[in-house]
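My structure is below; once you've seen it, I'll send some questions.
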């Protein structure tokens, strides 16, 4: 903590520490739910609360049963011996395993689609000669602002008419649309700091438009593209309202499964899944932080 | 001297002889085309998969041809009927003809549901009369009323007249707690069926409360993060970003586990003796739960814009104010706060816009009095299957959000949206 | 282009990921989940799979015809057989969302009675075949010691003086309003007549107002046992089979009050355009045969829809001392003050009463 300047009065001194404690409490408020979920997922009883055994750190009160349930739930023969057939059984029939596969498949496809389209659009929008720039920008960013329930309901209605509802393509399209605003925002932010004279220099050296793009622009905006892509991925991975309307039981994603876990089946397995998702978030956050530091290094800004 | 001034100026040409102006215009046009062609793929995609579906749904809010498409003869008669005089034999004849066809095509259920929305209790009237329709003989008026005397009630016919209109303001009227009638125009809905206006107000109230709480909690934290040295603030920023990146459902589940009456907080309260075991606080499945959970989820959206604005305020301003004799409080209020107004506006508007559209959190923890308008929209889409009413409610919500979005654009500008 | 190559590899890898997702399901059967689905899996799915050698995929849903409607209207029907409530079956049939089922495919009872006579009255419809009779009752946890007299009537549920504490009720006017009227003294034979009048509706809401602050509203069938076990509520309305299951399979000490029970039917329906219609019809015929219905009764306490099955009801599958026949909604001791859900009434008035119920809730 920085040392307080010598001219602080007693009142200020007290306030300084009071203020820090208030902020500490607010940080606690922010982080508490995430921390609480972790130990609850090891509860041996099927309850959503801490049992006496858990508070006494009694090892018998903890178990991995909910993590096992992630694998077993939905299997044809959950109690068969652990071998290749068991793995094949859980891969094909496990409800949560299927949800995990769907989440990653849909997430990756939607991210690729939205990143590709979004990056191109952001580059086009960053050019000052783009006509109706503000209007087009508003329309492209609007999926982020329009209430998700309206978007999902509209997509459900329209996609049913064109036979896209209850298909993988429909869900991927929906998620891609919801992810592109993030890609546009982050890539635009990167392009703001982009030095246009580099383009002119490369063109003056004889490079065509495509080569310029590949060799000069792309490497410099890659951090923005990747962070936009990560935002888009996490949006798709975490998205539940559109999936509620558009997906059939075969295409259930992790959040969709958690939703019915909370409303219909009430099993603490969702706490185990929640813990795994928190771990995933931490990994993604770390990746983003490393990217940010890299881009700062590239631009010559360093943190003390 | 005089000579050079009177000689006409030659237009400047480019290397291949075309005038430079024209060449410039051509180059500009080409680069415009390039810029547009970069944007077109996404634009077309967003149009097709987002804008058009929403418009299609909104259209359902004013256009519903269920009745007229399945009961064509009767619709023709109803259009010329004035709505006040007693229906005559021709209308009854059209009714019987249409009921027979609808029963054979198995579309009578849709017609019955549609009229039932307008005049509750008439559904079985349609389905039962349709079953007998084939055997009815003229004079139809007599035989139909004999089959079921409810047909003698002019209100049924008035309801049919309204539903036979394809383009109808009826759904928007219902969404605003009104009804559209044939004889009186717009009237207020019965007292005990008025839910929507109240729900809109409650949505605004809860969103405003959440926005206020986020501001209250987010401002100190953003200030701390902005004024601490970069290393520490990056570390503390993790505590803001981790919730931001964690799944919405994970956080909501966590709150259920924490707030329920056998949950962490209540157990703690009982342990500390603050409350007795059977008088636990009811913190969830009500408005309190919704507000707490939504504040937690939207807090990062307030902190991040505030942080990015506060980072641009040089600390020297505050020191200057102090050196000119202001007390710390005065300096803060008069010098620092006004400079953070853009951040407050950005964060506040963002939180508010997100809050009024929320669906998941109120659905899971809201119980009965923490429901927002989006829950009602989902209910009409999925349970009561009254898609037109859902579209009308959604239309009003969308209009509100677009107005706020336009305000946000004017005040802050969409281009300036930063996500940390 | 290395970027493009990487993308292609990513997509190829992702698709390999999902290649197993297109499971070879010969039939998709959808039901309500939990103990109920389990009873169907044991009594219907497994024997049918053994008999025909085909595979059944079992899905869960939360009721209502929205998914069926979405699938039929999008032309992409993935559900082959669905277990629905009676009012949903009628409504979906009226809207043309279901295949018609010819009752001649249903097998006769072992003593030769044709199916159309063996099934209880009101259980066979154009598009639906009933499988069980289930009931809404209320339950309490007798292990949580209180100085109470045992509650015996529906009026006791609304008596917060003698039985203080929170109550769980289904967040729907269906059943909830009838319970209110029964508790208010309306005889079961007149409940729907009264509820059809404006005064009757007002009376029901007035009775509900007396306990409104103490109600915890549930929506999924699995919630009432959870609420009772957690101690969130002292009473809860629930579906009788779930309570029975919690008591006998999960070891909870729940008791049920049968007075004022409202019984209803669940039926099998086949969404229109199902890709496995033949197999679906075969499954429906098989699972509603006398033996299978009686077998299901040994897994969960819902009554079979055929008269011939009642005689064959045995004991609980894991505990021979429990005679299932006593726990059925239709058992004489339980059936003294029972009301059948009037689906015509609800088909007419569900929308309107739902609105009024929501309005009342938000007051």
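Labels for the chains are A, B and C, by order of writing; each one numbers its residues from 1.
Keep in mind that, in the parts below, a residue touches a chain if its C-beta (ideal position, glycine included) is under 8 Å from a C-beta of that chain, and two chains touch if they have at least 3 such contacts.
Remember, it's a predicted structure, so these values are computed and weren't measured experimentally.
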Legend entry - Partner chains that subunit A and subunit C have in common: B
Inset, instruction - Between B-C and A-B, flag the pair that has more C-beta pairs in contact. - result: A-B
Inset, instruction - Take the average of all CA coordinates in subunit A, do the same for subunit C, and state the distance between these two points in whole angstrom. - result: 37
Inset, instruction - Please compute the C-alpha centroid of subunit B, do the same for subunit C, then give the distance between them in whole Å. - result: 33
Inset, instruction - Go ahead and note the Å separation of the Cα centroids belonging to subunit A and subunit B. - result: 23
Legend entry - Per-residue multi-chain contacts in subunit A, two or more chains: 47, 156, 159, 161, 263
Inset, instruction - Mark out which residues of subunit C touch at least two other chains, giving numbers and ranges. - result: 230
Inset, instruction - List, in ascending order, every residue of subunit B touching at least 2 other chains. - result: 260, 262, 381-382
Inset, instruction - Would you pull the subunit A residues touching subunit C in the complex into a rising list? - result: 47, 91-93, 98, 101-102, 104-105, 108-109, 112, 156, 159-161, 163-168, 214, 218, 248-250, 260, 263-266
Inset, instruction - Write out the stretch or stretches of subunit C touching subunit B in their complex. - result: 64-66, 69, 91, 93-96, 171, 216-217, 230-232, 344, 347-352, 354-356, 358-362
Legend entry - Touch list for subunit B against partner subunit A, complex: 28, 31-32, 34-39, 41-43, 45-46, 49-58, 60, 217, 220-221, 224, 228-232, 234, 236, 238-243, 245-258, 260, 262-264, 267, 296, 299-300, 328, 353, 356-360, 364, 374, 377-378, 381-382, 387, 390-391, 394, 397-398, 401, 405, 409, 414-415, 417-419
Legend entry - Residues of subunit B touching subunit C in the complex: 105-110, 112-113, 116-117, 120-124, 127, 192-195, 198-199, 202, 260-262, 285, 367-369, 371, 376, 381-386
Legend entry - Contact set on subunit A toward subunit B in their complex: 1-2, 12, 19-20, 22-23, 26-27, 29-34, 36-37, 40, 47-50, 117-118, 120-121, 123-125, 127, 129-131, 134, 136-143, 145-151, 153-159, 161, 173-174, 176-177, 180, 182, 185-186, 188-189, 209, 231, 234, 237-238, 240-241, 245, 254-255, 258-259, 262-263, 270-271, 274, 277-278, 281-282, 284-285, 289, 303-304
